[in-house]
Amino acid sequence: MDTIISPIALYLICVLGALGIAAALPRRNKALEITGGLVFAAAIGLAVLVLGLNATESGQPLPNYFFYPFAILALGASARMITHPRPVYSALYFILTIIASCGMYLLLSAEFMAFALVIIYAGAILITYLFVIMLATQAPSSASEQFIDETDSVAREPVISCVIGFVLLAILTTAMFRGVSDLPTPSDPETQMALAQDSVLLNLPRKVDRILDRAGVLQDHERVARNEDGTAAIDIVNRTITIENTDLHTVRLLDSDQWPDKLAAGNLDRLGYNLMHDHPMTIEIAGIILLMAMLGAVVLARKHIELEEDLKAAQARKLGDSMSPTAGTGNA
Amino acid sequence: MDHLLHSTQLAQLAFPEAVPAVTMAHYLFVSAAMFVMGLVGFLTRKNMIVMFLCTELMFQGAGLALIAFGRHHLGADGQTFVIFVLCVAAAEAAMALALVVLLFRHKETLSAQAWKELNG
Amino acid sequence: MNPIWTLLLIALPLIGALMVAFGREDRAYGAAMRTMLVTLIPAAVMLWYFDFTLGAVHQGAASVKWIPDLGIKLSIGTDAISLLLIVLTVLLGPIVIAASKTAIKEDRRKYYAWLLVLQAAMVGVFAARDLMLFYICFEFTLLPMFILIRCYGSTNRVAASTKFFLYTFTGSMMTLAGLIYVVYFVAQQTGTWTLDIATLTAIAPRMPVEHQAWVLLAMLAGFAVKVPLFPFHTWLPLAHTEAPTAGSVILAGVLLKLGTYGILRFAIPITPDAFIQYAPALGVLSVIGIIYAGLICWVQEDIKKLVAYSSVSHLGFCVLGLAALNVSGLSGSVLYMLSHGLSTGGLFLMIGFMYERYHTRDMRAVGGLASKMPVWTFFMIFFTMASVGLPGLNGFPSEVLCLISAFQSDASWSAAHEAGAWGTTLGPWFAVFAGTGMVIAAMYLLIMVGKICFGPLREPDDHHAHEELPTDLSRREIWTLIPLAVACLVFGLKPNLLLDAISDPINQTVAAATTSQQPPQPEHHIDQAEDHAMIEPTDTISNPMTEATP
Amino acid sequence: MINTTFLTSTLAMLQDGHAVDTHAPAVTHAATQIAEVGTGPKWILLIIGLPFLTSILCGIYAMIGNKTKLPAWTVVAGSGIAFLTTLAMYMSFDGTPYTVHAFDWIQVHFSSEGGDKSMIANFSFYIDTLTIYWMLFVTGLATLIALYASEYMSHDLGTSYCRFFGAFGLFVFSMACLVMGDNLLMLYLGWEGVGLCSYLLIGYFYKKPEAVAAAKKAFIVNRIGDLGLALGVYLTFVHFGSLEYAVLFNDPTLLGYIESAKTGDFSAIPRMAQWIPLLFMVGAFGKSAQFPLYVWLPDAMEGPTPVSALIHAATMVTAGVYLIARTYPMFLTSEYALPIVAWVGTITALLSATIAMAQFDIKRIMAYSTVSQLGYMFAGLGVLTPTGGVYHVLTHAFFKALLFLCCGAVMHGFAGQLDLRKLSGLRSVKGWGIVTLGMFIGCINLAGVPFTAGFFSKDTIIAEAFVTPGASMIGWILLFTAGLTAYYTFRVFFRVFTGPVEYHAGEEHHGDDGHDFHPHAPGWAVNSVLLTLTVCSIAASGLYFVGGNKDTHTKHYAQTMVMASTANYESPYSKHAIHAAHDSHDPNAGAGPRGTIDHELSMPIIGGDPHKVMYYVSAVFGVVGILLAALLQGPKGWQGLFIGGRTNAAECRMDPIARMCGPIPKMAENKWYVDEIYHMILVTPLRIISHIFHWIDKLLVDGLVNIFGFLPRLLAWILKPSQSGVLQGYAVSMAGGVTILLLVVFVIILQGGVA
C-alpha cells in the first residue's frame, strides 16, 4: 500500500482548504468570508469522505468513530479561530480546538494528557490570553460598537500565506501517508504485551505490593520479591509473581491464574515513570524555562514610569504638602 | 460511547493493541492540518495576540502528532514530550504576553505591522 | 643571540599597553614613553649581539608548536633585514609618543595603548618566521591604525579610516588566498603541513610558472595596496591626511614598508619565475606612480596630502628596485625602506608640529614661517632635502642604487655584458623616467618649502598662540627630531653601515630568485634547501617527485 | 707618498693622435698601467674639512645668538687656510695625480657569475693639475669674497649673518667636493651641494617672494640638469663598471673607444657609451646656465651680491665646464656631444649678449654677460680646446667677480639702486675711485681689449673655432658676440661711472631716509678686496705668457695645467699638431673626430693662421664695440675724444635708435620672452597635466575604488526591500523557504534520487 489516499484527492483537499481559508480570512468583503467557510467545510467533508472510503477500501479498520466528530470539530474550530476578526472569539475557538483535541487524546489512550491539556491550556493559558486581550484592546468607541480595528479586520497577504501553508500541508501529508504504512509495528502480540506492560511494573515494586495487597494476595510480612537490582521479581510474559516473606525469608511463586486483574501499569504510571526515569534532565530544563519565563514576564510587563524632573518635583512638593498639616487643611 | 469507554479502558489496560496505519494517517492528517492552520494564521493575522494563539495552535498540531506516534509505539515518550510542549507553551504565553503588553504600551496598537524598525 | 630579546620587543609594548590601558589617564603619556624607551634596550642588545657576518641566517630564533596538525608554529627570528626594520620601528616608537604629548588631549589611555599594541604587531611582522604569525601580525597592524585614525583623526576621519581598513584588508585577503595555496602546494610536495617561511620559500618555486603567476598576483594584491603601488594608492593620501601625527609617521615609516617587505620576503622568493616575468609590469607601474604622484603633489594645497603623495612617488623607487631583481636594486630598495621612514617620518613630524600651532594644513593659509620659526624651518629644509635625495643625506644612496639597478637590469647596457647577475627585467628607460621623479620631487618639495617657510608671513585669521607650546619648536620637539636628523645624516654619509649588513641576505635572495627551478630537478632542490640551511627535516623532501604524485 | 706614474704614459698617448699611432695598440698598453694610484697626505683634507667646520661653527653661532662679525671672520679664516692648503698642495705636487681617502661612503658588492664586483664611491679626493687649478681660484676667490661680504652683509648682523656665512662655508665645502672628489658620485654630491647652497643663498632674503621664486627656479632648473648628470653617472657605472676617476680613465674599454673616436670612427663605439657624454652635457648645461636651461641664472641675482659674484659668476657656474673638462675623454667618444656643446655654447653666448644689451639693471647685465661668457667656455670645449675653455674660466672668474663686487659696492652704496638710468658719473663721487678702477679693469677684460686676460682667453677659443672643420660659423658668431660684449660692457661703464654726477637712491634704506640721501662709499674690506681682484685680473693676462712647458709642448700656464690632467686633449687640427704631423710625415696628420684635413686651416676671408690673426680681428671687434658704446652711451665731450652727448643719467643717443628698431629692444629687454615661452610650453601644460592627474586620481582611480566599494552597497540596496522589518514578512519568507526546501527534497525522494 503506497498511499493511504489518492494524491489527487489529497491535493484537491489541500487546494480547497487553501481556497477556503484564503477566502475566509478576515477581509472587507464579508460575503467572501462565508463562501470561504463553505469551501473549507467542503474540504473537510471531502477529507473525511476520502479518508474513510479509502481506508475502507484498503481493508484496514477505521479509527474509532468518535474520531470523526472530534477531528471535524478541531479543524473547524481552528479554522474559525484563525479567521475570526475578534481576538476574543479566536481565543474561545481555540479552547474549542483544544477540547476537541482532548477528545482525540482520549481516543489515543492519553487520558492524563487530555485532562492536563484542558486544565492547563483551556484553564490557565487561554485565560491569560483573554486577560491580555482585554487589557490590550482599546475600548470600542461609543459611535460604533461593532467597530473592529483594521489590524483584526483585514488579514495580511492571505493568498501567499495560504499557498505556502497548504503546499506545506500537501507535502507533509503526502510524505506522512507514504511513510505511515512503513512505520515499524510491534507485530508479535507477546512482544506487544511486554512492550505495553513494559518493565514499568518491575520498576515499581511498591506499587505491585500495594495492588497485590489490595487484591488480597499478600499475607502478613509478605511482599513481592526484589531482584538484586531492586526491581520486582515479576515475570510479565508468563505472568508469575515471586513473593517473599520478609520475616521468614521464604519465597513462594504466584501462578499466572492468581495474577490480579488490577496489576497493570496504567497510563499515568507509565508517563510518570517515563518522565522521571528517562527525562529527568528535561524536567529540570523545563523548570528553569518556566522560572525564567516568569521572571521575564515580571520584568517585561513592569511599567516604567519616567517622570520629568519638574513633574517629580511637583509630586514631591505635593507629597510634602500633604504631610504638613497646614497644607492638608488648605487642600481640604 | 462504547468505543470511547473501551479506549479508556484500553488505556488502563496498557495498550493491548497497536494502532493500524490508516488510523495513524487520520490522526496525522488532523495534526498536520492544525499545524498548517496555525501557520497560516500566524502569517496572516496582524494582531499579535492572535498570532501567539496561532503558535499555540501549531503546538497543538505537533502535540497531537506526538501523542499519536506515542500511541503507535506503545510508549509514553510522546506524552512526555507533550508535557514539555505544554511547558514551552506556557512559558511562551507568559513571555509573549508580557511582551505584547509592553509593545502595546509603546505603540497603543496590537498590530505587528507597527513594528518595523528593523526595515532595511 | 637569545630569542628572549626579540620576545621582549613584542611583549614589552603589550605589557605597556595593558599598563597604560588600566592606568590613570594623566599618567598614560609617561607610561607609554617609558615603555617605548625600555624597548630600546632589547633592540640595542639585539644590534650588539647580532652577527652581521652571518646576515642571512635567522638569529635569535625560537619556535613553539602552536597548531601542530597544520604545522603552524609560533616561530620568531631575525636576519639582518628584519633586524634593521625592527630597529627602525623601535626607534620611531618613542618619537611618535613624544610627538603626541600635546597633540592628544583626550582619551589618552586608549591612544597610547593602541600605539603600543601597534608597535608590538609591527615588530611581530618583521620577526615572524612562520607564515601564520606573519599574517596575523600583518593584519593586526590594521586595527590599531584604524582606531588611531578613526578616533584621533581630523575632520574626514571616518571615511579615511574606513577606506584604509577595507582597502588594505581586501588586498590582504587575496594575499592570504595566495599564501594558502603556496602552503597547500608545499604540503603536497613534502607530505607534511608546514608554514615555516624558509621551507615554503625553498620549495614553492617548484610551482609551475602559470600557478606562480596567480600566486604572485594574489600576493601583490595585498602588498601593492600596502606599498602603495600606483593604481592602488588612493587610500594613502586620505589616511595620511586624516591620521594624527603619530599615525602618519608610523604609516609612512613602517606600515608602508610592510608591503615592500612582503614583496621582498614572499613575492620574490616564492614565485621567482613569475616575478621575473611580471617585473616589467611592476616596473612600469612604479614608474607611472613616481611621475604621476609627483605631478599630483605639485597641485596640492594641503601640505600633508602633498607629503602623502610624495610617499607614493618615493615608494615607486622602492618597488622599482625590487622589480630590477638584482643586488643593487634590492639593496637600494631595503635602504629606501629605512631611509624613507626616517625622512618622510621627519616631514610628517614637522607638519604635525606646525599643525598643532596653526590648526590648518592649507598652504594658502600658512606660510613664511621662517621668520617666526627658524628652528622649525631648519629641520623642515633638512628633511625636505633628505627627501629630495640630496647626496650626503639618507635618501641619496638608496635612490642611486634603485636607479642604477634599473640600468643594470638590462644587461646589454653593460660593456662586459654580464647577463644573469644583473637581471634582465627592466632597462634604462625605466631609470630615465623614474629619474624624472627626482626633478619632480625637487619641484614639489621646494615649492612646498617655498610656500610654507619662505615669503611674507601668513597666518590663519583666527590664529592665536598655543597655550602649551612656544612659538618655535619646544625642547621636547627638537629632541624628537634630532634622532631622525642624526640618523638621516649618518646613513647618508655611511650607508655602508646598512649596506654591508644587508648584503648577505640580499645576495642570497637574488641568487635564489635568478636561479630558475623550472623544470624541477630534485638534486638541485636539495642543494638549494641545504644552502638555505633553514629547511626542516630534509628527508621529508628528499624525494618530492614521488610524493607529489597523488 | 706620491710614488706612482699614474696616467703619465696614458697622458702622453692621449696628447695627440700621432703619438698613439706610433705605439702598440693602446688598449693593451693601457691595460698594463691600470690603477696605480698614489695616496696623498691627509692634510689635504683640510681643504674639505675647514669650510665644513666653519659652516657648523656658524650654525653654533646662530644658536648661541652671536651678533658680531665672528661668522665672517671664521669663514674668511677657514677659506683662507683652505686656500693656503691648496697652495701648499700645489707646491708639493710633483706631477703625478693621487688620491686622498677620507672615509668609505657607498660600497655595494655584487657576487655575480663573472666574479665579485663592487660599486665603490668613497669619500676620497683626487688631486691632479685640473683639481689644483680649479681649487686655487675657488678657495682664493671664496676668501676674498667672504672678506668682502663681511662688510657687505654687516647690516644683517645676527642670525641672518650666521645663516649667510653658514651657507657660504657649506658652499665652499660642496664646491671642494665637486672639484676634488675622486669619483663621479662625489662630484654629484658636490654638484647637489652647491645647488643647495645656491638655493639657500639666492633665497637669502626669504621674505621677498621674488627671491624665493628665484631660488626655487634655480634649484629646479638645475635639478633637470642634475637628472642628466645622474643618469650619466649611473650609465657610466653600468657601462664601464666603475665610478672612480683613477679606474675609469684607465679603463681599457674607454681607451679603446677614444682611440677609434680620435680617428673619427664612431661606429665601433656602442650607442650606450655615446649616451654618457650627452647626459653629462645636460647636467653641465643646467649648472652652467646654458641655452635651454640658462633661465635661472639672471633670476639668481636676487641673492646678495657676494653670492652672485662667487657662486653665480666665478665658481659654481663653472662646474659644468669642470665636468666636461674632467670627463673630456668620454666626450670624445661621442660623435655628437662636442658639436652640440659647441653650438649650445655659441647660441647661449649670442642670445644672452643680445639680452644683456637691452637690460637696465647692471647686475642683470652682468648676469647675462656671465651666461654669455659661459657660452664661450662651452664653445671652447666644443671646438676641441679644453685649454681655451678652462683658461677662460680662470680669467672670467677674476674679472667677473670683480665686476660683480663693484656692482655690489654700487648697490650697497646707493641703497639698492642698480638701474643705469638712475646712476651717472660715479667716478667723480668721492670715495668711489677704487670701485671705478675695478669696474674699468673688469670691463676691459670682459670687452676683450687687447692684452687683457679676457682678450687672450677668448681669442684662444675663437681661434680654435676657425681651425676646427665645420666650426667657422661658430667662430664668426663668437666674434660678433665679442663685439656685442664690448658694447654692453662699456655701456654700463660709460653710463654709470662717467658723465654728469647724478644718482637716485634705491629702495633699500639702511638708516638713511630717502629725502636726505648720501651714498656711503665702500669701506676698507670692500676696497681691499676690489683692489686685490683688480690686480689679479690684470695679472691673469700674464698667465698667457708664463708657465709653458717645452716637454709637453704647452705654451702657457693654463695649457700646462690642463694637459697634465684628464682633459689633456689638444685638437689635431690646431697648427701645432699639424706641424708635428707634417714633421713626422704622418699620412694621418690632421685627422680627428671631425674628419680629416690635409692642409692648414686658415682664417676665412682674411687668411693666415687663425691663432695669430685672431689677435687683430678680435681686437678690432672689441674696440669697435667700445667705440659704439662711447658714441651711443657716453657722456658729452668726454675728454674731448668722444662725442657721446649724454647730459643726464636717463637719456642717451641710443634711445632714438632703439625707438627706430621697433619692438626688438623691448623684446630683448624682456629676454626674448624665453621665460614666458617656457612657462607657456612647459610649466603651464605640466601644471594642467598635474591638475588633470589630480582629478583623474580623485575621480577615476579613486572612483574605481569607490565603485568597487559601492558594489556591495548596491547589492544591499537591491536586496533591501526584502528586509521589510515586519515580523510576518520574515515569517512568510521562512515558511516559504521551509516549504520550498521540503518540496525540493520531496521531489528528489519521489524521483528516487535519495536511497
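In this document, chain identifiers A, B, C and D correspond to the written order of the chains, with residue numbering beginning at 1 in each.
Everything below uses one rule, namely that contacts are C-beta pairs under 8 Å (C-beta built on N, C-alpha and C of every residue); 3 or more make two chains touch, one makes a residue touch a chain.
In this text, all values refer to a predicted model and were calculated from it rather than measured experimentally.
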item	value
Any chain in contact with chain A as well as chain D	B
Chains linked by the largest number of contacting C-beta pairs	A-B
Length of the line joining the C-alpha centres of chain B and chain D, rounded to whole Å	100
Whole-Å separation of chain centres (CA-atom averages), chain A against chain B	6
Distance between the centres, which are taken as Cα means, of chain C and chain B, whole angstrom	65
Centre-to-centre distance between chain C and chain A (centres being mean Cα positions), rounded to whole Å	70
Chain B residues counted as touching two or more neighbouring chains	39, 43-44, 46, 113
Multi-chain contact residues (two or more partners), chain C	none
Residues within chain D bordering two or more other chains	728, 732, 735
Touching chain combinations (by label order)	A-B, A-D, B-D, C-D
Chain B contact footprint on chain D (complex, rising order)	716, 719-728, 731-732, 735
Chain A residues touching chain B - in the complex, by the definition given at the top	1, 4-5, 17, 21, 25-26, 47, 51, 55, 58, 60-67, 71, 74-75, 78-79, 81-82, 87, 90-91, 94, 97-98, 101, 104-113, 116-117, 120-121, 124-125, 128-129, 132-133, 135-138, 149-152, 154-158, 161-162, 164-166, 168-169, 172-173, 176-177, 180-181, 183, 185-186, 192-193, 195-198, 264-267, 270-271, 273-275, 278-279, 282, 286, 289-290, 292-294, 296-301, 303
Chain B to chain D touching residues, read off their complex	39, 42-44, 46, 51, 112-113, 115-120
Partner chain A, residues of chain B touching it in the complex	3-4, 7-8, 10-30, 32-41, 43-47, 49-50, 52-54, 56-57, 60, 63-64, 67-68, 70-80, 82-84, 86-95, 97-102, 104-105, 108-111, 113
List of chain C residues in touch with chain D within their complex	163, 166-167, 231-235, 292, 295-296, 298-300, 326-328, 331, 368, 370-371, 374, 381, 385, 390-392, 396-397, 400-401, 403-404, 407-408, 412-416, 418, 420-422, 428, 431-432, 435-436, 438-439, 442-443, 446-447, 450, 453-457, 493-496, 499-500, 503, 507, 511
